[in-house]
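Listed below are the structures to be examined.
You will see two complexes here that share chain A, one where it goes with chain B and one where it goes with chain C.
Let's turn to the complex of A and B:
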């Protein structure tokens, strides 16, 4: 796996961002909320590597704190979306017949709704909050995973080792979780990794238009929005928050692509 | 080997064919596969099996011979309850297996075990051999009894215990097939459906596996349904032989009868080809 360049590069990138965001209090001494009216909109310098914002807060600190929100949403939403998608996909693929038809039509209906429109509607009717965003994003992100998992289950359940397991008289739960699930884990991990990036982008978009993380809490989307108000005067705010989003999303996508190459027998060596 | 099922009747004399118990009976079995063309618009029906009827006596080896695509594996899959018949029945001790309730079906599965051609594909690549075999052992047993049974299973197929900690990809082809046979025996099965079970091995290994199967059959009073395209192995292992062509059972009878005086010209052709 480590020989795969794409994976290696993405992994190092993601690890660096995660370490920076998690170990934040030990790295940067500044408080992300303390305003300093003497240092309003300062360009990047030695004391403020990413400059300061309109309230004189250190942008490097804000972006790293914002990374915590964005990554938390990315990881938590992906976890729940993958869990829901995996359960529905496995039930659909394994049991087939009417259960499969009903679940897949439900997936079609869910995919038929424009996701952003639904998100805006739901969040628009209530007060935007971190928890609400987690719930809504999780509930509207699982469909692709369900389809991938269903397709994998359909293929794996025809394998002889699954037939042998059925012939041993094992119950369905044991066949599903001992014989099918471990063998579809590769594609699930790949789609999960790729999903983290897309969730971060959606979260940034929602926060950008003011429906995601609410100020004074930092998120890459809210910082981007702030910078947008004076793009010519304080360009660094938009640049660095935008870069944080791009680099993180690229990192997760590279890890996902790399894993796909490693786990796909047609393009790479199969994990064993 | 305390766990091994006791033979139905220890030293009984070979009864005549009409007196012996029919373990499996296949009655007028027809199986059709539906194929769709590239755009899924037109459906074509392919008749894989047409009106097949035969029975397997308890304790005998019935071999089914035929070319690729003749429907051998479809019969095996029907007997194993994996392919449902379009018409006809599969009976086990007189009961239709397609009318079994879930618990009855589980019991039937444990009684009639498959050993497939591709041992590589028959073992879960993510499961160590110990767990693969443990799944086959009766779950109601205590852990001590289970481990004793595992060891018995391995020794019956002449494998060492050190393979228990390995994954399937760490075993050779012959070892994998032995593990598959051990797994099939660990359920306390009465019948093995051997679908080209030794065909993919090299000749010396084939001879070893054949010898092993014959020993196991004798020791455990097993019934074999042996499917193969290789007449030489059939000659060694079978009691009765059936010849399958294009989904039809064209001839079935005693091994010597089929090999020495075949009635059908297709059987004669198969026998002639096998001599080369």
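Let's turn to the complex of A and C:
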């Protein structure tokens, strides 16, 4: 797996970002909320590597704290969306027939909604909050996973070892969880990894227009929004928060692509 | 024949497609006596594998079965064909075990052999860890494994074809079934492993009274090991009877042709195959399915499906002009 270059590069990126976001607030104990009115809108310097914002807060620290909320949302939403999608996809693929038809039409309906506008509507009608965003994003992100999982189950359940497990008298639940599920884990992990990036982008978009994470809490979207108010004067705010998003999304996508190459025997070497 | 383990009567399988039902096999009847070994022989595409799967109701969703397959039990007999899915779950593994054609792909690649064998054990045994472990060791030893720990810990891809075949056999017999269906178990094996498997079959019959339904291409080994023989061609039973009778006096030209092909391998001049490709199964009453390849074909063979006939020694055939 490590020999796969795409994966290695992405993994290093993601790991670096995660380590920075998780550990650095303890190593650099600057408070992301402390305003320093003497140092408003300073460009990057030695003491403030990413500069400061309009309230004199250290941008580097704020981006790391923002990364915490962006990554948390990305990971948690992906977890729930993948869980929902996996369950629905497995039921659909394994039981087939009417259940399958009903669930897949439901997926079509869900995909028919323009996701971003639904999010805007739902959040617009209530008070934007961290928890609400987690729930709404999870509920509207599982459909592609369900489709992938269904397709995988359809192919795996025709394998001889699944037939053989049935022929041994194992009940459906056992066959599904011990014989089918472990064998579709690869594609699930790949689509989960690829999803993290897209969730982070959506979260940033929502926060950017003020419907996601609320100031003074930071997320990459809110910082981006802030920077947008004076793009010419304080370019570093937009640049660094935008870079944070881009690098993270690229990192996760590279990991996902790399994993797909490794796990798909047709496109890459297979680990034994 | 003494007590019966399985009595199959007029079993037919149709695959439903858009307009017509395609018959995979039709009117298959046979009896499997307790602790006997019945071999089903015939060329590829004759419906043998699907016949095996039908008995466990592992047929595709668009398949339709008719006829009956009576499984004799200690108290009651059950018709497998009319069983529900949950009733079948109770029968599979614990009353009828099955060995599949390719051992390598019939095992879960992400589970160790030990875990898979454990899954195949009867529920009561599986619940007790120590008992399960002892039972696994016992069966592994029975089929002739020496290094038990290694097998239990190995993943399927770490074992050789011959070993996998043995593990697949262990899976099939772990639930202590009274009937074992073996779908071409020896096709991928070398001569030594094949011999061991045959020997294992004999021991299963002698020590556990297991009845074995054995699908094979190898007419020669079928003639040496089995008691009964069922010759299938394009979804039809052409001939059935005891091995001794059929080897001596084949009644059906197809059986004779198969025997001749087998014999011709050992003769100077090399093998002489039966001419022409296997024909698709014809419609009912469209004539004998073997008419296109038979060397004795007469006009009636192409127009009328021959009836099933049998003699006093329980040898049966489906031919207008049985051989003398």
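Keep in mind that, in the parts below, the second predicted complex is superposed on the first by the 270 of 272 C-alpha atoms of A that agree within 3 Å, B and C clash if a C-alpha of one lies under 4 Å from a C-alpha of the other, contacts with A are read in each partner's own complex, and residues count from 1 in each chain.
Criterion: a residue touches a chain if its C-beta (ideal position, glycine included) is under 8 Å from a C-beta of that chain, and two chains touch if they have at least 3 such contacts.
Please read all numbers here as calculations on a predicted model, not as lab measurements.
**Student:** Will chain C clash with chain B on chain A after the two structures are superposed, or do they fit?
**Tutor:** clash
**Student:** For A:112, using the defined touch cut-off, is the partner it touches chain B, chain C, both, or neither? Pick first, second, both or neither.
**Tutor:** neither
**Student:** Taking the superposition as given, does A:96 touch the first partner, chain B, the second, chain C, both, or neither?
**Tutor:** A:96 contacts chain C only, not chain B.
**Student:** Who does A:131 touch here: chain B (first), chain C (second), both, or neither?
**Tutor:** The answer is neither, since A:131 touches no partner chain.
**Student:** State whether A:161 touches chain B only (first), chain C only (second), both chains, or neither.
**Tutor:** The answer is both, since A:161 touches chain B and chain C.
**Student:** Could you list which residues of chain A make contact with chain B in one structure and with chain C in the other?
**Tutor:** 159-161, 163-171, 174, 178-179, 182-183, 272
**Student:** Could you pull out which chain A residues touch chain C in their complex?
**Tutor:** Contact set of chain A toward chain C: 96, 159-161, 163-171, 174, 178-179, 182-183, 272.
**Student:** Mind pulling up the chain A residues that touch chain B in the complex?
**Tutor:** Contact set of chain A toward chain B: 159-161, 163-171, 174, 178-179, 182-183, 272.
**Student:** Which positions of chain C touch chain A when the two form their complex?
**Tutor:** Contact set of chain C toward chain A: 53, 56, 58, 61, 89-94, 97-98, 100-102, 105-111, 119-120, 157, 168, 171-172, 174-175.
**Student:** What does chain B use to touch chain A in their complex?
**Tutor:** Chain B residues touching chain A: 80, 82, 106-107, 109-110, 112-114, 116, 118, 121-127, 135-136, 167, 169, 180, 183, 187.
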